[in-house]
Every structure is written in structure tokens, then in C-alpha cells.
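Heads up, the thing below is written out as C-alpha cells.
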Amino acid sequence: MGVSEVPKVFTPQTPIWCPGCGDFGVLAALKKALNDLKIPPHETILVGGIGCSGHIHNDLLVYGYHSLHGRLLPTAIGIKLANPRLTVIAAGGDGDGYAIGGNHFLHALRRNPSIVYLVMNNGTYGLTKGQPSPTAQIGFEGTKEIPFEPILTALSIRSTTFVARGFSGNQVQLQFLIKEAIQHANAGKGFAFLDVLSPCVTYNDTYAEWRKSTVDMNADKSFDPTNRALVFERVLNTLQEGKIPTGLLYKGESPSFESMQLKDPASPIATQDLTPAGKIEEFKKLIARYR
Amino acid sequence: MGVSEVPKVFTPQTPIWCPGCGDFGVLAALKKALNDLKIPPHETILVGGIGCSGHIHNDLLVYGYHSLHGRLLPTAIGIKLANPRLTVIAAGGDGDGYAIGGNHFLHALRRNPSIVYLVMNNGTYGLTKGQPSPTAQIGFEGTKEIPFEPILTALSIRSTTFVARGFSGNQVQLQFLIKEAIQHANAGKGFAFLDVLSPCVTYNDTYAEWRKSTVDMNADKSFDPTNRALVFERVLNTLQEGKIPTGLLYKGESPSFESMQLKDPASPIATQDLTPAGKIEEFKKLIARYR
Amino acid sequence: MSSTQTTEVSEPRVVHLEDLKVMVGGQGGDGTLTVINLLSHALKQIGAYTYDTRNVLSRIRGGHADGVLRASVRPILSIGDGLDVLVAFDEEAVEVAKEQLLDHAVVIYDNSHSQLKTVLKPTVKVYSAKFGEIAGLELKKTLLKNTVSFAVLCRVLGLADQLAEEAINWRYARRGGDVLQSNLQALKIGFRLADQLGVKPSISFPKTEPKQGLIQITGDEAVGMGFIAGGGRFYAGYPITPASEILEYLQANLPKFNGVALQAEDEISAINMALGASLAGARAMVATSGPGQDLMTEGLGQAGMAEIPLVIVEVQRAGPSTGMPTKHEQSDVNHVVFAGHGDFPRLVVAPADASDCFYLTVDALNLAEKYQLPVFILMDQALGQNTQTVPEFDFSRVNIDRGKLLTQADLNRISVYKRYEFTEDGVSPRTILGTPDGFFQVTGNEHNEWGFVSVDRINRAKIMRKRMLKVEAAKKDMPRGRVYGDQDARVGFISYGSNLGPILEAMEQLGKQGFKTKFLLLRSIYPLLEEVQEFLESVNTAFVVESNLTGQLAGLIRREYGYADKIVRINKYDGSVFRPSDIVSQTLSQLPRNGGE
Amino acid sequence: MSSTQTTEVSEPRVVHLEDLKVMVGGQGGDGTLTVINLLSHALKQIGAYTYDTRNVLSRIRGGHADGVLRASVRPILSIGDGLDVLVAFDEEAVEVAKEQLLDHAVVIYDNSHSQLKTVLKPTVKVYSAKFGEIAGLELKKTLLKNTVSFAVLCRVLGLADQLAEEAINWRYARRGGDVLQSNLQALKIGFRLADQLGVKPSISFPKTEPKQGLIQITGDEAVGMGFIAGGGRFYAGYPITPASEILEYLQANLPKFNGVALQAEDEISAINMALGASLAGARAMVATSGPGQDLMTEGLGQAGMAEIPLVIVEVQRAGPSTGMPTKHEQSDVNHVVFAGHGDFPRLVVAPADASDCFYLTVDALNLAEKYQLPVFILMDQALGQNTQTVPEFDFSRVNIDRGKLLTQADLNRISVYKRYEFTEDGVSPRTILGTPDGFFQVTGNEHNEWGFVSVDRINRAKIMRKRMLKVEAAKKDMPRGRVYGDQDARVGFISYGSNLGPILEAMEQLGKQGFKTKFLLLRSIYPLLEEVQEFLESVNTAFVVESNLTGQLAGLIRREYGYADKIVRINKYDGSVFRPSDIVSQTLSQLPRNGGE
């Protein structure tokens, strides 16, 4: 920012969340991580979804974009490809990401673009007043559907490289995970997917329940986050025991989307000089086959 | 059908497929299965997707519906809920089902409606002239994306009850799988997902390759299709060996969508008497709380 | 008690009103709408017609939120102008209401956080107390301040304590003992505070017997009820303001009638599920608002092309894009009439009040099946979410017409069944899945009479005309508009939806100022009917009143009938509903010199 | 050899044509379009202007498919009327072409499957041989029948064998030795058959030097090239007929310019990716056809509301719904102009030929960034997929205007940067991601100048006007229409897109019959410009010519300008393009008694 006293650009907003909302914890951990990692704010873009959670981009001094409901991932991918130098963080709700946005989730996992995807998972549609989301437990608001488990689905895509789960009630772990995620993405290693249990105190207050049921898988030294099949099994078993696995659950290697798609990732599309003057000869080559 | 000589209703069409297209094999096996199981044609509805494959519904004397591109599953689910007595078979392409339709695939797996879903998987968009689909192998038509493996993703959804893969070049197995799938769905056990390798001889002729690389997992008696984690591991390993697992890969139990959603599945919504006459008293109860 | 205070005003005389306007304002989550709801119920018991609106943010807690309740001895469909009473849980609410407070207004202010600083007209009476703090101290639940303030409010209006108690019972009885008990206690605390504040009835509303046969209901709920009564049995939706209430209503009530209301993974899935259910023979509906409607565009065209009956409810909110989800607007006319590639038939009906919402939903279901096409029910936020008093719905008026639906018995009588047979009115006979001799092919590709894909040029041209013919044929069954006002006035209004109330009141005011006007309330938006032309012929100036920037309805009328010289636009697009005064002032300022004569 | 046969016709004299029409027809997969392509190249070498159309099914093999090539000594943009030569790989192709065959026509028929049974005019010369069978026998590839028949075709037209060989080389050189060799052999076989059949040149086209500076290109390819030249660097698409060629063109060529063209998982993803890339600073575009456009509706509104520059190419095909994917239509005007909930700004430009496709794509990129909104390039199947001869594009005419895009240097000069600052023309300064002092909040919710969510009524009304102001401001930069014909004619045509060619030819024919006409070719569809009013003022009758059933453009014009009494519609909606004769006959039959005077 400039040196002027009056801010030259927008001043971050106070969050719109209900007092006690889990999203405050996510925001706090994200701020801490960005600070600790000294990510230049002006090279960071936070893409929000639509939902209570999706307002997070208003509350930080980085570039902010409020996407369409469920469409934060394609937007973030477009940004990353246009300028791979940016730190691109997509953050939204579980309704946004796993209901209406489910297809983009699948294909982002598959393509492995180097962006961070934070899902503030509260098992409900907060902003539309508490309907069940795909991760809602059976019985919540009368839902009769088996909850979606994004961790398992992320593991089922063979090109995933970073799969993790945090809990907004566990700041130490969450900060660690967010930092890991940002570093993973910023090293160009691919898609850093981080599902964060973030209770909706108004419609689905799961704080107490989640405090009890979360288990840090990384606490068990025998847990090997690089063996996909084994992780799948461990996660599945933990869930069957009524527990919720958290931690850095899987880390693998696969080429990033931008490295596969861009001819020269070091020279961003977005900042190219577009003036045709110097390119006329190259352009003319395009014509040749039509003569 | 009536007894008249001239058909009262439409006469099935000759398929529009290229000579040698894998889809002929799928159609043949489907016909055989429906015949063998003596499914009443008028209680059967075939919902096609958009693609070469999606034209399959024109070629049988059952009820036929040509849905929108990628939307065959929601349509089929709507049909099943409205009338659970029907045999509902959704059949479309891999572009239709795993690209544009990916989200419906995820949520259909999760909800477990008792319908059959046949995907004619050829790794390409046949009808739009050979672009890579999500299951295209790297390098096909210049694609740079890791192929989507629907079997693994289906396994990642904890409420799946039937996951299988056939090959249109293996009629015996394919007929068996289609029959199993129809029986699963018609017994109200849930979603019968069957991915069928069905080569596109024009744009992606994989016959020879697939004849070599397919393995029938059921041939190995040690293979237990009821252990989700183990199946996941075996499928993953088989793929890593460059082989393609086929067969009835997973069978499980979970309540069907229609059994959870309908108050009285035995009395179909679609055939209810709607005349208000007898219901006036019940209607009036609705008014009471607004007085 | 030092927490209560009353400003001294000269005369303690009672103002008698046959038209009462109360605002309750505070922060989101303060329960302002609950107070409105309770008061509305209480007033109904003394014979009032009520109407209320909400003004909330798209967030769950915090930020200014208010509700306005109007009660009248006559049926009303507008919040009118001015405020008689304000219940404010914070200073901001007072700021928001200030301009509207009438000379005799009473303000009930919760000073838990701060004393009132806003300067009001000296004639305004203010009662302040720490409603929230006291509720927190005595009942361990600050939120009960809403019920506490409700007690004071009832006293200000001179409503019997018993009436207030009854309202609490009515609202919380179903919620179980604890909730009910603490609210009853909160009410008592409120009465005590009112005593301490020396509250005297200062505004009174005529008390009569409650009028029989009236209900208080929102448009969304009325649509839900109309759907059930009209034989609707399959509903699929996705939450979206301000249409979610339809999903919620039907999830609660449709199972009682052996129907199902699903929450899909998105709007695309919802509309395709409904298409499937309709194909199977169920009467099917979806409801959404702008963003969801965008996503349903492709499904809409499929219904048109494949000729599948479908009802789509579009409750308009302030757009474009995510826009202002909780705010009122009528800017999706262009979208519902024109969205979708290619030419295909559709119908658009527009209810104006909750009664219409009920009956036109039944009509829409009939139209959809009779003409085998998508039928929109075009609503707006105010119509969908505001509660109004209307006569109980008459279920015996419900008539179900499924059109050319062939049973097996019908099929036995014919020799050939073609799903898309060419007929005089463009409507082909239809069967439902499972009919032994009724096999069909239904498709969104161009097709021949059998439903097989066809690009034959002659067939194509013929079947395109066949489909569009249905729009012409349907005209005779489309709901007619209603004309209000002075038959021979030369100044007219044309509008639809929730503008009905404000326009009628504006006309009254204009009448008092010597301007004769009339008003065509449209209930069929597409196709427009001859009534529009007749009306335009009969006036010199036609004000087309709509809540949007570009005059979408006016454009549609110009497109169909011309009359560009007569049409004058009255638009509002700030997210709030028309008040009668908006219409009066825009009319007067835009009226041609000669008064439109 | 018994496999060849020639019908005896009296005179073997040569017909000299300056305007030649050749159809090649058979089953899908027969390679009919390849023959068209080869002949088109060969004719260009002797100085012809060419234009071709395709008529194929939405299936990969089988079913009737044909292509028509027209060559002329003058530039042409229509297939005209009548056929001089037919190459038919089956009987059906002859049936399809029969009506169009002129008296002097020559038919080259592949009788591998059956002898020709269709009865043709006695003056028509027919050469039959078993092209397919012979290719199968001699080259093991029946499909080479197309090259075999091409050889015979060249002989009929009296084209030098060397020219034919060159065309084969041109087309197959890149495909590698085997393919090239077998095609050259097939050509030889063709020449041999022609000798055996005694083929004599019976139709000749003037041979000149090839005209310099001309290219043969489709509209889709021209758009792709315009995109690259205009600084476009990010493209996202999803395969769909007839827009897939843009995706394919850009996937092949954009990487050369360090850009990227992606195939997304669906159209919703594609448009949102493009919005992201644009936000980051890249010039971004998507292209699709009707069904994909439906799915892009929500993203369109987001671009409008959040003020993100975006170019959307809509190549119209025959709708509604899945419709007839490979067929021509212009029925998405309503959709591109009106789809999307709420009022938001957008622009629609419409190129009429491949040159326009190139230059207007550059313009669209500039308009999108200058006015920060979505800009449609509205095309149609014929324009997108037909190959035409146009002057080489002049890259030095390409000018890039990024509008109010602030660099860090610009930011250093100002004290406050607000993304949505209110300005006179409604356009606010913009930054791209990564600019140190350019932080912004961009949102599809209603917002204040900073980009923070706001429902303030005053702000709302003001910012709504700000956004719409840009449409007014953009008028000065929108591409102007072109007026053709007789300035003082009182009968006019209004149209756009690929109708340009057929209308110009129809005007010529009408002129010969004594009717003076003129023609306004629109290149800005939204907003319509004053030129429309001026034109309407200047005529008594305006025929609005469009390929759809309901007259969407005519409706738009009526909506904006009235003139219902002057506007007469000429529509075609059978999936095929207008032929000049369609327009002539519809004009004459609908012309008011007085000839429009």
C-alpha cells in the first residue's frame, strides 16, 4: 500500500458471521498463515463462494472476488492459468462446493491446478437458513441421505496431491494445515484441498460433537499419508467407528494443471504485452494455410 | 402391444452408429438381458444421454426418452420416484456422464435410487467428432489430463451398492452384468452403476488394447466384492499395473432413495387419482394454521 | 426503575386509526419478524386485515433488519406510507424509520446498548427500557426481548393482555413447553415494564369480531397449497431466497398427500427431475429465483421442445447476478419470456395476491398438462414472502384438467398412437409411462410424429408451427387481467404482481386530487392478451409500473402492440417495494400537461 | 469395362459459366466434404471466389450428407440457386439434388451399390462408375472413392490434371506419406475411369491467374484468428456443434502465442474460468451454441454485474433444446439480448462474413475491456462453418484498446482507488490482479464503490444506472451497419449474419424484375443504433429477414422503434439457409399491392 494516511484501497470489513460461527476460526488461521508465510498480499487472491462462508474474502487485505454459487473453482483455475505467480485461494461452503459445485470439485481434483481450496464445512446451508447440505448427518432437518465424504472422494481421484481436513476449533492444527496447503500450491505441486469442519452455531451447532469425534490421524506415527489405498482404508474405518479423521491425510505427486497446459508458466498470460506491432510476422503465418 | 398387424406404436430404429462401434455390443447385451429377465417392455423406460451412445433408446421397443446432455440421471431419478414400479435404465456416454454430468453422477451414487446406469465409455466425445473425454488416456488428441476413474469414485461414496464394469467386446460377461444390474435395481436395492468399455472405432479405436488390458476381477476367487476398502485397493493396484479391472466389483447395502423419500412406494405418485373431491377435508387441514 | 424512561408529551390523547402501520426494527437475529408475526395474529383476532413486509439483509445475524405491519379495516395489499408505531432494538432502526414517523407516532426503544440519540419530532412519544438486558438477566435469553417488547407494544395499542397471550400460545404451542413457557414469562415482564413506564393506550384500532373465513398467508405458502390442491405431487427445488419457503412448505406437507418434495444438488438437477416425474405422469413443479432460473434455462427449452408439462415458479428478487437476495424487484420478465435458445412455446401467468397464488397455481398445472409445455408462475419477493389477509381458499373451486392424456382404454379405441401427432390445436395425445399400448419416444432433438430424430425440412417447418400453435390455443384459457378504477378515465396504469396494492391506493389518492385513473392488472404476461390492446386503445396515457430499471414489461407491450407514444414508465429499482406515494408522485410528474386527457 | 456407363446426350457442347454450383452427396463418412474442399482449392488456383455449405446429420457415419460448392468470378456469400454438377455416392443424394439440377447439369454417380434409378431430365448428362468398389479393390480403401470421383469431376470441369494433383498435395502433404500416396493413386484411378467413360469437359469456368491476397476460410476460424490478433490469450470451451471449430482452432494455435485454450468439464465451468482469467488481466473468450449458451446464462449476468470484460461467441444452430445440431438457424437473438435475470449491460455484435468475423472479434475484445461488460459475437451455423473467399486479413489494422486499465504507475498518481468508482460514462478504472496498489473487491452481489456488499437504496439506484450507462456510452464504438442497394428505394431489407449473400443476390434479381430495393445489414444487434430508425424512416416497407419462426429481430426492432406497420417478416426455419429465390418469392408475395411505393 501507499504511504498515505487515508487508505488508498478498501479497508477489510468486519465479518458478517453470527457470533461464535466457526468461520471466524478459519479466517483467523488463514490470516496467521498468510502472515507467517509472508505471502505478498497484492499477489494473493481470495475467491469466495456464495454462502455465509463465501464472504470471507471481504475480511482480508488481499484481492477479493465473490464468485457465483458453486463456481469458485473454475474461476480460481482461470486466474491461476492466467497468472501462475499468484497465490490463489478459493474458499467457500459445503453447499457451494459439494452440492451445486460438485462437478467442478471432481474436475479440479483431477486436473490438479496449484491452488488452495478451503471448504468451510458445516453440514448446512447457513445463508439460506439451515437446509441440509450434502455433508449433513442423516436426520438433520429431516434429511434422509447418506452424507457425502469429500475426503474419500478426493482420494478416489488418482491425481490428487494434497488432501487434508481441519477443524476450526483446533487452531494449531488448522494453521499448520493452511500453511502446508499454501506452500504446496505455491510450490506448484498442485491442488491443495482442505476441508475444514466449521460449525454453524445458528443452525447446526456441532462444536461439542466435533470436539469429541475428531481424531488427528497424523498423531499416529504409523499413518502413512503417501499410500493412497491405505489412507482410504484408514479414513473409511475411522468414519465407521463414528470418528472424523483430520490432519494432512494424503500427499502425492502428479503434474500440476498449469505446468501441463501452459507453454511458458514463467511468463504469465495475464501480463503479456498484447500490442500486435511486433507480432505481425507471426500472425501472417496463421494465414498461410488459408491461401 | 395390440394384436393389429400394423404396429400401433413406433417401430424401433436402426442404430445410427458407425459399423463396428462398441455400442452395438451394449445394445445387444441389453436386449438379451431384458428378454431373459422377462421385463415387461411397457414398464421399462430407457433414458438416453446426448452423444452417439445416447441414441440407444431409439433402438428398443420400450419407452424412450432423450434427455439433455449430461442430465439423464436427474431425469431417471424423477421418473423412479414418480413411479418406483418401472424399470428405469439410464444409458449415455462418458462425456455425458463424467464431464458435464459429473455432479449428478456423484449425487446419484450418494442417494442410491434403484435405477440402472449404463455408461458407454469410449474415452472420447464421439458425436462431436473425437475430442478427449474425462476418461481419455493422456496423449489422446493432445490431452494432458489424468483420466478419471469412475469405479474408484463410485467406491468413495459410502452409500453405493452396485459398482461394475463390462466391456462391449465381452458379451458373456456384459450380459451377466447387465442382468445383475437390472435385478439389483428392480429389487429396490439401489443404484446399479455399470461402466461399459465401448470402443469408438472412428475416433478412438481401443478394441485391441482393451482386449489385452481388461481383467475379470471375479475370476479371482479371493476377490471379495463386499469389502469396500479392499476393492478400492485391488482396483487401484490393477490400474497401476496398466490393467483395467472389470466384473462385478462392489456390492453393498444401503437404503434406496425411493424407500427413504416416498411415504408409500407401493402406491406410485404418478398413478394417483388427483380429483380433489374426496380430499377436501384433508385440504382444509392445511388451512387451519393460517386462520 | 432507572432502566425505563418516557419522554414527556403534552397530551395523552388516543389516536383512533382504521389503518395502522407498525415497524419493528433492529439487527438481523433480533427477532423483529417474530414481533410482526405475533402482532399480526393478535390484530386479526380483533377483525383487522393485515399486510406485512420484511426488510432484511442477506446475512443471518447482525446488520439492520426490519418488518412493517399494516392493519386495516379494509383488505390491503401494501404497506402504505408513514408509520404509527416503531419498535426499535437499536438506534439504526430509529434512523431508518425516522422519516416515516407520523406526528402521533409512538416509539418503543430498547436502550440496553445506548440511550436514544436520534432527534425526533417533539410530538412523537418514546418509551425506552432495557428490554434485552432485562430478558437476559431474568430469563437468561436476551433474544426474548422481542416478546418483552411485544407486550409493551400491545399496551400502546390498547390490546387486551389476553390477546397477546393467545398470540404467544398460537405461535409457540407447537414448539413445546420450554419455549412456550419462557415466552409467556417474557410477556409478563413486558407487561410489568409497560406498567413501570406508565404506558397508556395512545393509538387504537377498531375492535370487532374476528372476520370469519380469512387467513393470513404468504404468496409462497399459497403456491404450495395450490400445488397440492391442484394435484401436484412431485416437487424438486434448491434453496434460494425468496423461493425457499415453497420447498419448505412442500417438504412439510406434500408427504401427507403421498407426494414428494426433494432438495436437489442444484437447480439443473431439480428441473430435470421434475421433467422425469412429469414424463412418468406426476404433476410436477419447480420453484426458484433469478440465479436458479438462469441454470434452469436449458431444462425450460427441453420442456418446450419435448412437450413435457411443467410448472416453474419464479419468485423475482433484486438482480442481476447474486444481486440483493433478500430484496424486492421485478426484473426477470425478459428472462422468463425470452430466455432459452430457439423458438419454443411457454406461458407466463402472474398472480397478484395470495388468492391468486393459490388459484393460478391450479390453473398453471392445468395449462401445463393441457398444452404440454412449461408454464411460469411469475412472482416477486414481496408477493412471495409478505403475509397478507385473504379469504380462505375454496377447494371446491379446484378443477383438474389433464388435457389429452390417453389411458389404456382410450388407446384400445385407436389404431395408431403417435406421441407428436399433428393436430388442429397443436396438442398431441400423451400417455404416461407404464401404459401397455402407449409406447413413446420423447426427445429434445427435432423429431417426427413418432418422436424419432428427424431433420426432414418439411417435417421441421410443420412441427415448429405445431408447437407454437399451442400458445395461440392457450390464450382462451389464460387468466384474464382485471380492470380497476374509472372505466372512462383516459389515464391508465398497467402492472402486475405485488404492485396491485400500491397502485390501488395511489389511484385513490390521485382521485382525491381530481385525477381519474384506471388500472389493468395483468395476470397473463405471456402471451399478452387482447385486453392489453383494448386498454391501450381506451387511454391517452398508460403508465406501466414495474420494479426494475429498464421497463421490461413496457418493452414487451411495445414489442407486441406498439403504442410507444402512449406508454410512460414508472420504475423503482432500489430494492424496496413501491409505496403509494412513489406512484402518485411519479404519475404527477410525468403526466402530460393536459393531465393525460 | 462394364462398371462404367455414360448416358447418351445429343450435344457434347461446353457450357461456359462464371458462376458454378457443384454438389457432392452421399452418406455421412463418405467424404463428401473432402471433395468439396479439394475442388474449392483447385478452383481458387484458377482465380475463382468460392463459397460452400454443408448439410450433414448429427451422426458420424451414415445418413444423407452433402456439401455444395459455389465458385464465381465475383465474391459470393451464398450457395445461390440451382446445380451445375452433382457427385453422388448413392441414390439418395440424387433424389435430394434432383430438383436443383439445371438443364445442362452433369451427374457423376457411384454405382457400386446400385444402378441409378432416379429419372432425370433428358438433358442431364450422367457418368456412372463403381468408384467405391474399384477403390476398395485396387487400394484396399473404399473411402478413397471420394478422391477417385474428384478426378472425374475435374475432368468434367476441364481442370488440368496437375491442378487436381496439387490439391491432393495441398490437403494431404501434412498427413504423411501413406495417406498422400494412396490419394495420389486414387486420383490416377479416377483419371483412368474418366478416360474409360469418355468424359469430355462439358462445363467450364474462366481460368485466370489465382487472385492474390485472398484466403478461403470459415467464420469460426476467422474468429479464432481475430482473437489471437486482438490479444486474446485465454479461451475456455466445451465441444458443441457448430462452435467446436473455434476451440479446435485455438487449441492448435493459441499456444504459439503463449496463450491457452482449454476444454472445460462443461460450459458453466468454461465461462467461469474465462471470468477468472479476465480478472487476472487476460483477454478472455468463450464460444458455444444454444444449449451451451443456456448454461452460460448465470455467468453472463455475473460478467455484467461484476463488470468483468468477457467475449462470448454464440454460433447459432437450429433449436430449441438439442434441436438439429448441425443445421442452420438464427433463433437465439432473444436469448443473447434478454437472457439472464435482472437488468445488466451487454453488447451484441454480428459479423456477416469471414472478414467481419476477424475484425469484429478484435472490436469485441476492445469493447469488452473498454466498457467492462460481456460482449456477444452473434454468428450462425452457415457463417461459422461455411468456407468463403475473402481478402487476407490486414493485421496492421488491429488496434488494441484496453480502456481504463490502471497500471501501478497510474495508481501512484491517484490517492484513492475504488474499483466501482462512479464516473461520467459509467466506466470505472480497473486494475489487474497482482498490481501492488490496485487491491479490489469484485462481486456479483450488489455493492458500493469499493466492491463491498451493499443494499443501501441510494447507492443501489445509482450504481444500477451507472452500469446501464455503459450501453449508451458504447453506442459510439459499436460497429455500424452497412447499407446496400438503391439509396432512394422505398422497399428495404434488414438482416444480419450469413443472410448478407442471399439478400444481395435476391436484390439483384428483384432489380432485374424492376423492383428497386435497399438493405441495411446490421452489425450491432444490441444496442440497436439510430441507423435502424433512419432506415425505417426512409422506406415504406422493411422486410426483416431472419432464419427463425417468430421473427426475433423484427420483434426487437418493434420493441425499440415501433414501425409495426412497415415491418414485414421473411422467415425460414426448416434448418436450411436462405437461397436468393426464397427471398425473392417471399418479397414478391408479401409486397403491398403498390410495390411498396
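Of note:
Each chain gets a letter, A, B, C and D, in the order it is written, and its residues are counted from 1.
We take it that a residue touches a chain if its C-beta (ideal position, glycine included) is under 8 Å from a C-beta of that chain, and two chains touch if they have at least 3 such contacts.
Here is each chain with its UniProt name: A, B = 2-oxoacid ferredoxin oxidoreductase; C, D = 2-oxoacid:acceptor oxidoreductase subunit alpha.
In this text, all values refer to a predicted model and were calculated from it rather than measured experimentally.
Across B-D and B-C, it is B-C that has more C-beta pairs touching. When chain centres are set by their Cα atoms, the one at the greatest distance from subunit A is D.
Subunit B and subunit D, compared by their mean Cα positions, are separated by 38 Å. Spacing of subunit A relative to subunit B, judged by their CA centroids, is 32 angstrom.
Work out the mean CA point of subunit B and of subunit C, and you get 41 Å between them. One finds 45 Å separating the Cα centroids of subunit C and subunit D.
Among the residues of subunit C, those touching two or more other chains are numbered 57-58, 265-266, 291, 298, 302, 306, 321-322, 443-445, 453. Listed for subunit B are residues 55, 66, 68, 99-100, 102-103, 106-107, 134, 261, each touching two or more other chains.
Contact residues of subunit C toward subunit B in the complex are 214-217, 221, 225, 228-229, 231, 233-234, 236, 253, 255-260, 262, 264-266, 268-270, 272-284, 298-299, 302, 306, 392-393, 395-396, 398, 400, 402, 411-412, 414-418, 432-445, 450-453. Across the complex, subunit A meets subunit D through its residues 1-2, 4, 6, 8-10, 13, 41-43, 45, 47, 55, 57-58, 61-68, 71, 74-83, 85-86, 103-104, 106-107, 261-264, 267-272, 274-276, 279-280, 282-284, 286-287, 290-291. Those residues of subunit B whose C-beta lies close enough to touch subunit A in the complex are 99-103, 106-107, 110-112, 134, 144-146, 148-149, 152-153, 155-159, 228-230, 232-233, 236-237, 239, 254-255, 257, 260-261.
Contacts from subunit D toward subunit B in the complex involve residues 29, 57-63, 238-241, 244, 247, 251, 263, 265-267, 291, 321-322.
Considering their complex, residues 57-58, 289-291, 293-295, 297-298, 301-302, 304-306, 316, 318-327, 329, 331-332, 334-335, 337-344, 443-446, 453, 455, 457-458, 460-461, 464-465, 468, 548-550, 552, 555-556, 558-559, 562, 564, 573-576 of subunit C touch subunit D.
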